[in-house]
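Below you'll find a set of structures to go through.
Across the two complexes that follow, chain A remains constant while its partner is chain B and subsequently chain C.
Presenting the complex of A and B:
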């Protein structure tokens, strides 16, 4: 730990990260301070207008000869006012004598009201207050004389800054994305300017140590490292006494992290609102069932990804990784821009399909890049690098996309996504540059794989009762039903984005923990079953939840889905790897794994296609409940069929 | 060349971080500004709605008694009362369901007729260059449209507030960007500064090439390395050192 904190790279990143955080915090603090100051006169005038209207209505009754203490309907008046303006905290009518008990008081307890009246009032502290207004104990109190008695109307002073404070959630998302992006960029810069030259120098030093001087680093670096490398190259060339060949440091695997991040991030930006975006087009198209059409279009994206991947794998060996990735990123750019500008449902369908082709192509290019630039010894690290880029994008994309959609509109968000995909196309030549270590390419699924896999009964159980339900829950519930339900009850896109983000966070935190537990307990099937149950059990409760607590329950349910899947996925992969031959797994050619991934992707496509008609038939909340029942039933059946007690004791 | 490259690395690191920081600051500033704008609009709309509802109640009372709006003689007085109560108001209008003005009281020049774009809507809020307006549709006793109320206030106060906040955000954002830029420059300098273990390797290598080889300096140890690549490099150098010490020394001239 001491080593890492002492590292100039870590220190530099910490200083830069802290400064960025503080700068954004300062801007937000300025916004809240200025906002409160400039908005206060408006709040005061609004309060005065509301109090005046209430006064007129009460006075009208008093003029008719009704004594103020015998007025009827003051509670309805307060309810009506509060319905129109939620910032109104209380309404009170008092008699003429000071210190009298309030005749009518709504929204506040009498003891609190007395304390409030006893509190010192600030009138001159803020500009814009009328003579009749005071700031008392956190309330803006407007007191207007009635024909008999006084009317007091209280507004929550904090209500004014609440929207600005709420905005801090959006700013937190911006901070998170900016910090992660800065980290990714720095990683690439450091790798290109420091780690790669250092690696080349190590290769040259090893040649010298083995008595084979001659190769040079063929690279330039900065500062002390640069000075050392320059001397080393001269020494090595001189020692060999002949023109020296440069060692090829090879492509840096770090680049794949940023590339994976960019293409997934671009696609994830639309996640929190895609179903409602599509539904608008579907509803405007005659002779089309809007719900079915929406589910079909969202599911189509994932199905196209599954279908295109084998073809992209074939293209990989012909085009090479850079051109394949660039082509994919450009297709995704066109697809996302087309999604933003689509004129109708059928347009949108075509653009989403194009975007899916781009997604699949870039994915295969990244995967191939990892395979080419790693050996069997470090392939897992390479894949982890790619997966970490994808995970970060899964976390940041929906949250950031939600914020963008709420502020700038859904179409603009897709245009921003297109910009991200275009940026990825521009960066690929630099980030995937360098020589390949081996001539391996990603492998595509064949019919033989299916024949091998489907003869394997445990694998069929694994696919049908664990992998498919997990994917159906992910895409049907999280990608389709969560946005539909939450936007339907008036939540904003940014709120939906933050809730969807919880899944990625739960996976990020839970993944390593449960992977260690999987290895320790060695009862993989039990973890798969438990994970399936955890991810689905809360879904069953959703139809019984009232709208007021829907957002909180959604957060818990999405977190449970993330935790459940973090429990089951490592155990599932471990089990399937155990079913395949070790040699094929080491070569990355196990048909069991290839088929599992392929079927999972199709399952992902089917999720929204199943969820949409269910939601149309029974309602979105009930559809979630049905998904929960299906998930739980699958987990229980899986537990019955697959879970065996762990044998304890040494053999 | 080495020095130039060193500074270019610091510039690359600092520049990359600065671009990300500026983009984040712009985005945060824009989000905050939009939220301020939205809150301001909401307050204005709520305030105008209060008056519109009061006028609407008066109109609806007459309609319920069977009086068409043209015959409600008390309305001009009510409208004038509301206009007088709020100095920001420019215009209070009661219009027919077809959009024609029935009664209007105004302060200053006659306002445009914003309700014409919103006929048939139960309530609306519109912001134009010359004013902010709120409208309500009033349902008659038969459950169909009876009349409409429109209230317009000057946009001057709004434009003043928006300009004030825009200036504050601009200057505040620039100050924050300046402070962040300074801290990022420090971060880039920290990142680019000499590393102890690597420095010891470089010094020792230079001495070896100059023919001043001696015992292995105590400071030269992979343990002092602070990062993986540095540790690997020091270890590789220590392994190659005997061969380097025995090799040609012409390279020292560099």
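Presenting the complex of A and C:
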């Protein structure tokens, strides 16, 4: 389905989207404004409390008879306070006579301190500062009298706005997710109720105009438009001299987008903190190696998905897509709720496996839905529809989940995820309704497929040196090591979620660009090799990065991973497609593709299982480095083996 | 004697009054605990009795006070053998050594080798030979409580207050526990990176250590650059502590002590000590295990307390102008 800017649907969507965005942005802006007014006094109060605590300690010493200028351990006091609150910039004790040198001064040069005292203080009672507090030269200075002398504590003024900026990010993420969700729902509603009926009406009218009237609708619609079409149908049928056929409801492929979005979104919510969530259970279970147990549990999910898919495919023909999807969504609901409420490692393991079964089942149901309701001509569009739903969920899920976890806790986030899955189960009957156009169902992977695929040497190279490393990097590095490292150095779940989101964004932005490049530039192997190198080379630097810049470097590395994989994945697929027979590809039955997907999923499962013991042995940052070396080595080897000079005479 | 009889009567009455709830010896009478003390009852015995009562152990304690004279011990031990109490309680290294002997040198004629003995206020049970080394099975009839913090903790306590490079010690070379302590300090000095300046008190004409020598020895240590004077578990120094601390104050050197009395009643500036009461309470827990739980003393470990009190004597600090760091004031007890 190619969207044209001029089409009324697109215009409607743009207008609706814009107004939604404006409304959300306005609400967020108001929230930030009032947040600033609410937060600032609180931060000033915290500064006051810290200063007062220091004052009490110093006063206690003075009260014992220790002269203020002979106090011992003021430096350690400052170090202590700074450790607890990194926004504390300086601490000074001054004598009673104004203009004297400060008795003690830490965190600031004396000249700067004098300048600061000379600077005009903005008495800002309306901003919620206490009597003893002033904003001076970029610092919030709290000055408290001691039994003898004065204590001055300085906070970075910037620090007072920092929580607001953090909130801004959170709000932006929530707005983004709300927008995308609303967009998905609108797309379904408008397509099903307006665009499709309108198109059907046009078709009927056109057929009448062309002088060969007949009942050609295939769309049930409600309301005025619906009755109009129904009458049109009867009229057309009468004109053709045929009895009016009952309106056959037809399925709308658009629904798959929302359904795919929902089940992936539910699963992705836990992404930014799953490793630490699991690790707590693993650590609480004696006779388990916590690192191995954590990696195993996270990898298990993807392995179970790979294993269950063939069985789900068999079930598809028995249950049908609606029941299969609903069953899968309910399993996922149970699995996610169980994950939230698990009592120990072993039942957590069972719940995660259950939610993986649900994930695989819903995935197969969506895939089958697309195959059933599309013809060969528009199957790629249908698949793209499903993939775009998944991509959106990949982007929004981790970020939104991170925000939820930080605000409401990790367990609650899994409960929210369970709610999403349950919602998907409720929606499916509506969204997947309609008769099948074709009696085709998705096929499952067979041993014959493996036999065919493994005899194909280029395919084996493709799988071992390109597809597998890509998946290992994705799940081992992005899904396991990134959360472990970042949460380990004190980042919040929401930060981690945003960083994981960068991967999806890079894929989203890079995907179309590189897909076009892939089509134009015929040397696919070179793109695959280059993509592998781009996605892994920055990982090698991670062990040498200090904690302060870790978040920034992580963003760059994750973005590079996304861009690298956006480069290589379309090229990989088109190379594998090139290896298979055209007829089988068109029917979605190429064993090469099926095997590629199957092995990719197992690679995905293996990622965390490899990453966890490496992290336990060498440290998480070093493990990332090793993953980088592996990825780069694979890419180089692939370049040596697979890349040929560009064929001349390419179109 | 009258006092002992009185105590016995009180102990007995208390036991009878609460008899139904209390554990008693098989014959239906309270347990008989015989206490051999160095200088009368202290906070240790107070804690011991209170803890026993709280544990529900009915016991009658008989006091045998040596009045700082070890020569009276053999007579007391004879009395002990005659009475055959359920448990013997000893106070300090000297009395305990005299009562049970060294682990590899116990004499059934002179020492108690079968009656269970619980000691308190022994500074270094291992170093003085009361306790066998770790690779030898524990003694069948002995357990107890040491009141001294581990040396490393003591040194760290000094260093929490001021930098330490040279530590001076005046000690009685004739005292077993004190000599053992100096030996341990030498090892600790090497391990913790400070110099130990030693000054043994010489004997006077009567063969006993001469208190008059103390001021001179302190002055000498000051001349060698001692920053802190260490008061160890040394009964002679304990008896003459004011001589030592006064001399230290005169030379501008503060004293550190590992025993409570020196800082509560003396003029030491820093103390890392066990409270006497807490020592007695831990000893009572051990006594209960032997009396009620019927554990053999060898199965009850010899221990020191897990927590110690940091005490600062403020007038001394102010007088020496050695002010305690702010961080110490958060947890130290300050005596004004």
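The rule is simple: the second predicted complex is superposed on the first by the 452 of 651 C-alpha atoms of A that agree within 3 Å, B and C clash if a C-alpha of one lies under 4 Å from a C-alpha of the other, contacts with A are read in each partner's own complex, and residues count from 1 in each chain.
Operating definition for what follows: contacts are C-beta pairs under 8 Å (C-beta built on N, C-alpha and C of every residue); 3 or more make two chains touch, one makes a residue touch a chain.
Nothing here was measured: the structure is a model prediction, and the numbers come from that model.
When both complexes are overlaid on chain A, the residue A:176 reaches neither chain B nor chain C. In the superposition on chain A, A:30 makes contact with chain B only, not with chain C. Using the contact criterion defined above for the overlaid structures, shared-chain residue A:579 touches neither chain B nor chain C, since it reaches no partner. In the superposed model, A:84 makes contact with chain B only, not with chain C. After overlaying the two complexes on the shared chain, residue contacts for A:52 are found with chain B alone; chain C is out of touch. Of the two partners chain B and chain C, more residues of chain A are touched by B. In the superposed model, A:633 lies in contact with neither chain B nor chain C.
Looking at the shared chain after the overlay, A:202 reaches chain B, while chain C stays out of its contact range. Of the two partner chains, neither chain B nor chain C is touched by A:489.
In the superposition on chain A, contact of A:384 is made with neither chain B nor chain C.
If you check the complex, the residues on chain A that touch chain B are 3-4, 6-9, 11-13, 15-16, 18-20, 22-24, 26-28, 30-31, 34-35, 38-39, 42-43, 45-46, 49-50, 52-53, 56, 84-85, 160, 163-164, 166-167, 170-171, 174-175, 177-178, 181-182, 185-186, 189-190, 193-195, 198-199, 201-202, 205-206, 208-209, 211, 213, 220-228, 230-232, 234-235, 238-239, 403, 407. Within the complex formed with chain A, the chain C residues making contact are 314, 318, 321, 323-330, 334, 336. The part of chain A that touches chain C in the complex is made up of residues 57-58, 60-61, 64-67, 70-74, 76-77, 80.
Contact residues of chain B toward chain A in the complex are 1-2, 5-6, 8-10, 12-13, 16-17, 20-21, 23-25, 27-36, 38-40, 42-44, 46-47, 49-51, 53-54, 85-86, 88, 157, 161, 164-165, 168-169, 172-173, 175-177, 179-180, 182-184, 186-188, 190-195, 198-199, 201-202, 205-206, 209, 225-227, 229-230, 232-233, 236-237, 239-240, 243-244, 247-248, 250-252, 254.
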